[in-house]
Each structure stands twice: as structure tokens, then as C-alpha cells.
Amino acid sequence: MQTKASKSALFPYVLWIAFFVIAPIALVVYYSLLDLHGNFTLENYKAFFTSVYLKMTLSSFWYAFLITFFTLLISYPTAYFLTKTKHKQLWLLLIIIPSWINLLLKTYAFIGIFGLYGPINAFIEVLGFDPKQMLFTDISFVFVSVYIFIPFMILPIFNSLDRLNPTLVYAARDLGASAFTTFRRVVLPLTMDGVKAGIQVVFIPALSLFMITRLIAGNRVITLGTAIEQQFLVTQNWGMGSTIAVFLILFMVIIMLITGQKNKGGRVR
Amino acid sequence: MKSLIQATIAIIVVTALLMYAGNAMSAGSGKSGKDTLTIFNWGEYIDPDLLKQFEKETGIHVIYETFDSNEAMMTKVQQGGTAYDIAIPSEYMIEKMKEEDLLIPLDHSKIPNMKNIDPYFLDLPFDDNNKYSVPYFWGTVGIVYNPSLVGDLDFSSWEDLWDPSLKRTVFLVDGAREVIGMGLNSLGYSLNSLDNNELRSATDKLIKLAPNVKAIIGDEITPLMINNEATVALTWSGQAADMMYENEDLDFAVPEEGSNLWFDNMVIPKTSKNIDGAHAFINFMLDADSGAQNADFVGYSTPNIAAMALMDEEVVTDERYYPTEEQRDTLEVYKNLGPDYLGKYNELFLEFKMSIR
Amino acid sequence: MTKLTTSAKVYLAIVFIVLYAPIFYLIFYSFNSGGSMNNFESFTFDHYKAVFEDTRLLVILINTVIVALLSALISTIIGTLGAIGIMTVKDSKMRNTLLSLNNVLIVSPDVIIGASFLILFTMVGIKLGFASVLLAHVAFSVPIVVLMVLPKLLEMNKSLIDAALDLGATRKDVMMRVILPYIKPGIFAGFFLALTYSLDDFAVTFFVTGNGFSTLSVEIYSMARAGISLTVNAISGLVFFVTVLIVIGYYFVTSRTSKRTGGH
């Protein structure tokens, strides 16, 4: 499983990296070194270390953490129960289908659902409470973000749970382990790769969420992604926008180093 | 393995069928003449029937593409790749496109209908003698509100926004020029100010508005106002007209300290490959009949006097959409601030946004 | 197999209800005779009729589906091969570098991807339109495929491959008979999420498209200024029902044939 065959397998992928990753990064780094008049400068990097951007970085990480945490919290049991259903592959597909409907449309639907005259408030009124404006709050923002990311978390976890040998669980239970111990010592370690993959595909894009920061959070939440969007599309300060992007990529690399697996090749345990 | 191959084949077959269907359909919709005209406009900013009528009259096939911000439009025109024949940018963007040499001068002899435009809207500072552009729609920035929910505030002054009774109810539009401009106007400064002290005090004043701000959003404000989810919003007159058309309780006011007067204009970008067709289109849109039909459809204020004569009297005499010349004197058109000050405005706007918690 | 407890069923039901709530909300209002997604006035099929009269919108829908299917297919192939390739890289530093490069497009906001791809495409001289949009969608979908396939490869037992090789299997056999079947769930997951990426993307498509080529997302975003027409709700409702039917139909057809042939 090495040498020629695998090298040629890597070829289109490496081509992809060269053209669509390295080249754009080079462009971004190049632009990050330009000021508004096209002169070389390090001002943009200096500007990133002002309180506005540092605060923004912190809040991006905080919200990305919250989003990832709740997504995992909801997805793990869902994936676990799904593996136990009769037509599990079908149910899994039905989890993904909602993500194929346009995001902006779904966001507008959420605006309606959370709205003052939406179904949730109608329900609250039936219970005898005063209707509340749920839009433009942290909670609605995290909720909708979690909603968007759930399929991305469920899929990898489902895949790793699905191959889990049930006899292992039975063996552990037979040997007197409690349900919790079995989960912690047997199930969780064996599904760790799936969980890690899930965390990566949620946390990393959550750092650069934009659109819904405006639509659902009304710009009360500002992430690095929003700032980049603004710099590119409004200020047309591609230099500063690129600088923020360089930092986002750096953060991502750090996250990869922390969550990256250290063992070589397949699992040897 | 078998299922992987099966799935691949199924996808390829489905794609091929769809391509066939798609081709058949676009062939059916009549791509007859070789002559095409590519128009780049804001979404839902033209009556589609007019495009059909234009195709029928001239035999030119129209390709219609849309954008949702001036800056995104400019990036696409600048990079080329698509032969846009007509674009409809706002006034400050025209100055910028002129600087970047992205526009083709208009041949006025090919646009006889230019005479239909109110002279007030011709020869404006952003484009002397309308060398490059012809106004399409215009409007103001003001406050749309629900009178039954704001007590006796009437927003004849920007100060009303700071009223403590509006705690957490004000919606702002997500634009640095609009919001900082409002701060400057409320202090009696020009919304094109290049004075750092004025900008600083405007931002400080805005930060005091933070407790009243509910959200800073974009076009989504329209359904929220219509549905009475929001009570007060800073917005453009055209959008306010949309809202008031759907929800008759709403009212619109342009505060007396002054505000912004904006124009969207037709231009011919450098990318054009059908310059004659583009002139024909501009002339067609300036015609009294099509101008009136378009203004009825879009609901924004038209600069076309001949068209106004054909429109509903009640609309064209409504001073909220068609302010009198005297009222217009307090309004200012955005000037191109140059990259440094545009950056400054956006930095201050970001600072203001971060203060809302 | 252990049975699901009632509380587990309730939990799943709630998750499904939440996932589908906005979609049913959209579909509900697609029958609204009023013009917008609030204030249901009365029941009508008008918006569905409008869908079939609007050939431009239908062509856009077809384009959207073609781009989604093709880009997901191509990126799944590239991504799967890439993931297998990454696993064969012995040096762990090198492997982490590859993985970091892989994730660059996931962390980059769409605006940046779109703008840099636009610069790239015009530099190379690719005509903006179908081809450039397809290329861009392939490009930003590859990383998600890699991330979905990788955990399956990681949990694969190396001794399985060694055993197959010892038994005289060729490398091709190992690939076809051992590796691919094992990582199949990861491949499908990658494909489906690549579809999601493609169908949801607005910003990248906006920048790299041209010459009249458009997708549903671009169309919907550009409508936002004047309010999204309910025709879009109707078309989404139709797409939703067709998708669900295809998925359920396909599932039962394949599971019946595989039962008959004795596979699993």
C-alpha cells in the first residue's frame, strides 16, 4: 500500500492543493502586505493587534466553541440512537436532506418562526406567558448555527459508531462495567476519530460564520468572518481583509496541531 | 464496490438527462438573434416585462444578471470575464469606476429620451454633463416607523432616535456611510465630513445610541417592518415605500437636519461588446411609457418627468417619496471619500457595532 | 441489536422535528395567496403554477442540480484518492501539513475564496460560466470529503491490508476489495456533504459565474433586496418532495435487491 499506486492516487489531490489552496494562499498573503494604495506595508498586521480585532477574535472563538459544544451534545446521542434504528441508512439520509434546501430560505423561515407573531410565541401565549422577541439574541444565533452544523457532526460520528462491534459492549457489560464506564472506556475511545472529524468540520467553519451573524444575530455577534466580508465588500480594503484571513488560517493550523492524531498510519492500539 | 460504481453511473445518467432538458428548455425560450445584451442590475430592480418588450422591439437577446452590492459588482466588472453591456451602480461607485477607467462615455445623440429627465437630476457633481451615466432611480435615507408604537415622536429630528423610550427597538441598516452619516447629520455636520474631530464626536454620539439599537441588518428589515416586528428603522426611501405599500400603518420621515440623496444610474462598462445595443437600451428605459411602467413595478422614485405625468397622481405628489426642491436642499449626495477615509468610516462603524452588547 | 427505548425514540423525534421545522414552514407559506412569508391569507396553488411558467427559473434549477451532482461526484473522487494518499505518507509532520492545507478552504470565508478564484480563473483564461462554477464547487468540496473519509481509513486495521497482500492480492485488488468497501460509508458521507456545500454556496458562485449562468442560491440572494418571492418557496418545496421520494424509493429498491442477492 505504498509506492507507485498510492502516489498516483495522490496526484489529482496534490494538483488540487497546488491550484486551489497554495495559489489562493499566496494571493491572500500578498494582498495582506499591501495598504490601501498598493504599497508594501506591515500596518495591517499591526492593526490586527488592536483591541477591536482582539476582542473580535475572542468572541469568534467563544461562539465557535459554544456552537461546537452544543452540536456535539445533540449529535452524539442522535448518531448513537440512529445506529440502532431499523432502516438506519435511510434515517441518516433523512438527517442530511434538510441541509440541501437553500440556507438563506431556511434562515428566513427561522426569522418567521422566532418572530413576535411566529409559532413559538403563539405557543408561549397559549401557555399564558407574554410573547418575547427571540430574534437578535445570542441564543437564537447559537441555535441556528447548531441547526446548520448538526448533519456535519452526525455523519462522521454515525460512521464510526456503526462499525463498532456490539460484542465489545456486551463483553464490557458482562465483565461488570456500568453503562457509563462502558461508554467512557469502550465506546468513546473507539469513536474518537469520528468525533474529532466532526469537531473539525464544525469548529473551523464556525470561526468564520457570517451571513447569519447579521440575519439572526443582527450584528450583535461579530465574528472574524463578518469582518473579512466587510473589508472585502464594503471598505474594499483587501489588504486588511486578507490579513484577518491569514490569522484565521493560522488559528486553523493550531487547531489541527492540537486535535491532529499523533500515531502513524492506521490504528495501532 | 459495486454500489459505488452504480451510484457513479446513476449520477452521470441523471446529469446527462438534466443537461438535455436544460438545453431543450433554454432553446425553447428563444435565443434567436445573435445580438445579445448583458445587463447587470440589483435583484428585482426592473419590470421583467420591459425586458421582453425590449427584446421584441429590437430583436436583441437580453442576458440578465444580478448583484447585491456595488462593490461586488465593481469587482466583477474589473476582473472582466463577462461582457457586461449595462450596469446600474450608485453614484459614489460611478466616481470610483471613472477613476479606475471602467466606463465608456455615452453618445448623447443616441439617447434622445434624455430630454425626459428632470434637469435637476442632470449634470450632478459625480458625473459632469452626464458624460458616463444616466439616472435610473433616486431616493433618500430616512426613518420608517410605526406611529402607534412610538408615542408622539415624529422623527422630524434625528434626536428622536436617542429618545429613552425607544430602548432596544431601533433597527439600523448595515452600512457604514448611512450610519456614520446619520451621526454626522445629527450633529449638524456634513455626511461627507473629512474632519477627524467631527467623525470622532459623531461616533461617540452613536455609541450613546447603542442601548436603543435592537439590531443592525440589511434587506431583512422589510418583512420585519411589514409584520410589525420592528417599530423604528433607518432605511432607504425606496425600501420604505415597499414596506408602506404592504403595511399602511407605517410612516416615513426624513429628519430636518439633513440626510442623504442617492441615485442609481445606468452606465456602459468597459467590458461592453454591444455599445449600440446598450445605448438603445438606455434610451428605451428613459421612454415615458417604460419609465412609468418600471417605476410602478419597482416602487422607487423616478427622475423621469415624462413618466411621472403618466403615473398615479397620488404617488408622484407624495412628498415622502418625491420631496420638494426646497426639502431636497437639505440633502447631500455621497462623495467618493477616497480609500483612506472610506476605511476610516468603516473602522468607526465597526467600533460602533462592537459597542452594542 | 438492542431495541430503542421510548425516551430514545422521543429524542430522535424531537431532533427530526427541529430539523424539518423551517422546511415545513417554507412549504406551508408556498400555499399562501398573500405575497410573503407572514400572514397566511388563503390557500392557493398559484406559486406552483408560476414555477412551471417561469422557464428561466427552471433552467436555473436544472443548472443548480447539475453543478451540485457533478461537483460532488468529482470532488468525492479527488478527495477519496487524496485521503488514501495522505494515509500513505509516512512522515507525520508532512501529513499534518497536508491536512492543514486541506482545511484552508474550510476556514476561509466564501468572499475570499470567491475573489481569489475569480482572479485565478481570469488569469488562467477560463471562461466564466458553467465550467468556472463547476471547478470552484469541486475545489471547495474536496476538503469536506477528505475529512469524512479519513476517520474510516484511520480505524481500518492495517493488518487487514497486510493479510490481503500476504494472501497474494494485487494492489488493485486491495484497493477495490478491501479499502474501498471498508471506507464506503465515509465516501457517501463526503458525497452528501459536498452536495450540501454546493447547493448552499452563494458568495463563491457569485464571483466566479458569468455570461448569464446562474444558480438558485445566487438568484435567491439577489432577490433579498425586494423580498423573496413565494415562487422560490414553491420550487424548494417541489425539490424537497422529489428528493425525499427519490431517496426513499432508491433506498427500498437497493435494499430489496441486495437482500435477494444475499449481500448486506
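List of remarks:
Labels A, B and C are assigned to the chains in the order they are written; within every chain, residues are numbered from 1.
Note that a residue touches a chain if its C-beta (ideal position, glycine included) is under 8 Å from a C-beta of that chain, and two chains touch if they have at least 3 such contacts.
Each chain and its UniProt protein: A = Spermidine/putrescine ABC transporter permease; B = Spermidine/putrescine ABC transporter substrate-binding protein; C = Spermidine/purescine ABC transporter permease.
This one's a predicted model, so the numbers in the text were calculated from it and none came from an experiment.
Just to note, of A-C and A-B, the chains joined by more C-beta pairs in contact are A-C. Among the other chains, B has the CA centre that is most remote from the centre of subunit A. Centre-to-centre spacing of subunit A and subunit B amounts to 34 Å, using the average Cα coordinate of each chain. Subunit A and subunit C have centres, each the mean of its CA atoms, that are 16 Å apart.
For subunit A, residues touching at least two other chains, in rising order: 108, 115, 117, 232-233. For subunit B, the set of residues that touch two or more other chains comprises 72, 218, 220, 223, 227.
Across the assembly, subunit C contributes 37-38, 115, 119, 221, 224 as residues in contact with two or more other chains. The part of subunit B that touches subunit C in the complex is made up of residues 1, 3-4, 7-8, 11-12, 14-15, 18-19, 21-22, 25-26, 28-29, 38, 42-45, 63-68, 72, 75-76, 79-83, 218-220, 222-223, 226-227, 239, 242, 246, 298. Of all residues in subunit C, those touching subunit A in their complex are 1-4, 8-9, 11-12, 15-16, 18-23, 25-26, 29, 37-38, 77-79, 81-82, 84-88, 90, 92, 96, 98-113, 115-117, 119-120, 139-140, 142, 144, 146-148, 150-158, 161, 165, 171-172, 174-175, 185-186, 189, 192-193, 195-196, 199-200, 202, 216-217, 220-221, 224, 228, 232-233, 236, 239-240, 243-244, 247-248, 251, 255. The touching residues of subunit A, when paired with subunit B in their complex, are 36-37, 52, 55-56, 108, 111, 115-117, 133, 135-136, 214-215, 217-220, 222, 227, 230-237, 240. Against subunit A, the residues of subunit B that register as touching in their complex are 69, 71-72, 171, 174-176, 214-218, 220, 223-224, 227-229, 339-340, 342-343, 346-347, 350-351, 353-354, 356-357. Taken in their complex, subunit A has these residues touching subunit C: 1-2, 5-7, 9-10, 12-14, 16-17, 19-25, 27-28, 74, 77-78, 81-82, 84-85, 87, 89-91, 93-106, 108-110, 112-113, 115, 117, 119, 147, 150-152, 155-156, 159-160, 162-163, 166, 190, 193-194, 196-197, 200-201, 204-205, 207-208, 210, 225, 228-229, 232-233, 238, 241-242, 245, 248-249, 251-253, 256-257, 260-262, 264-268.
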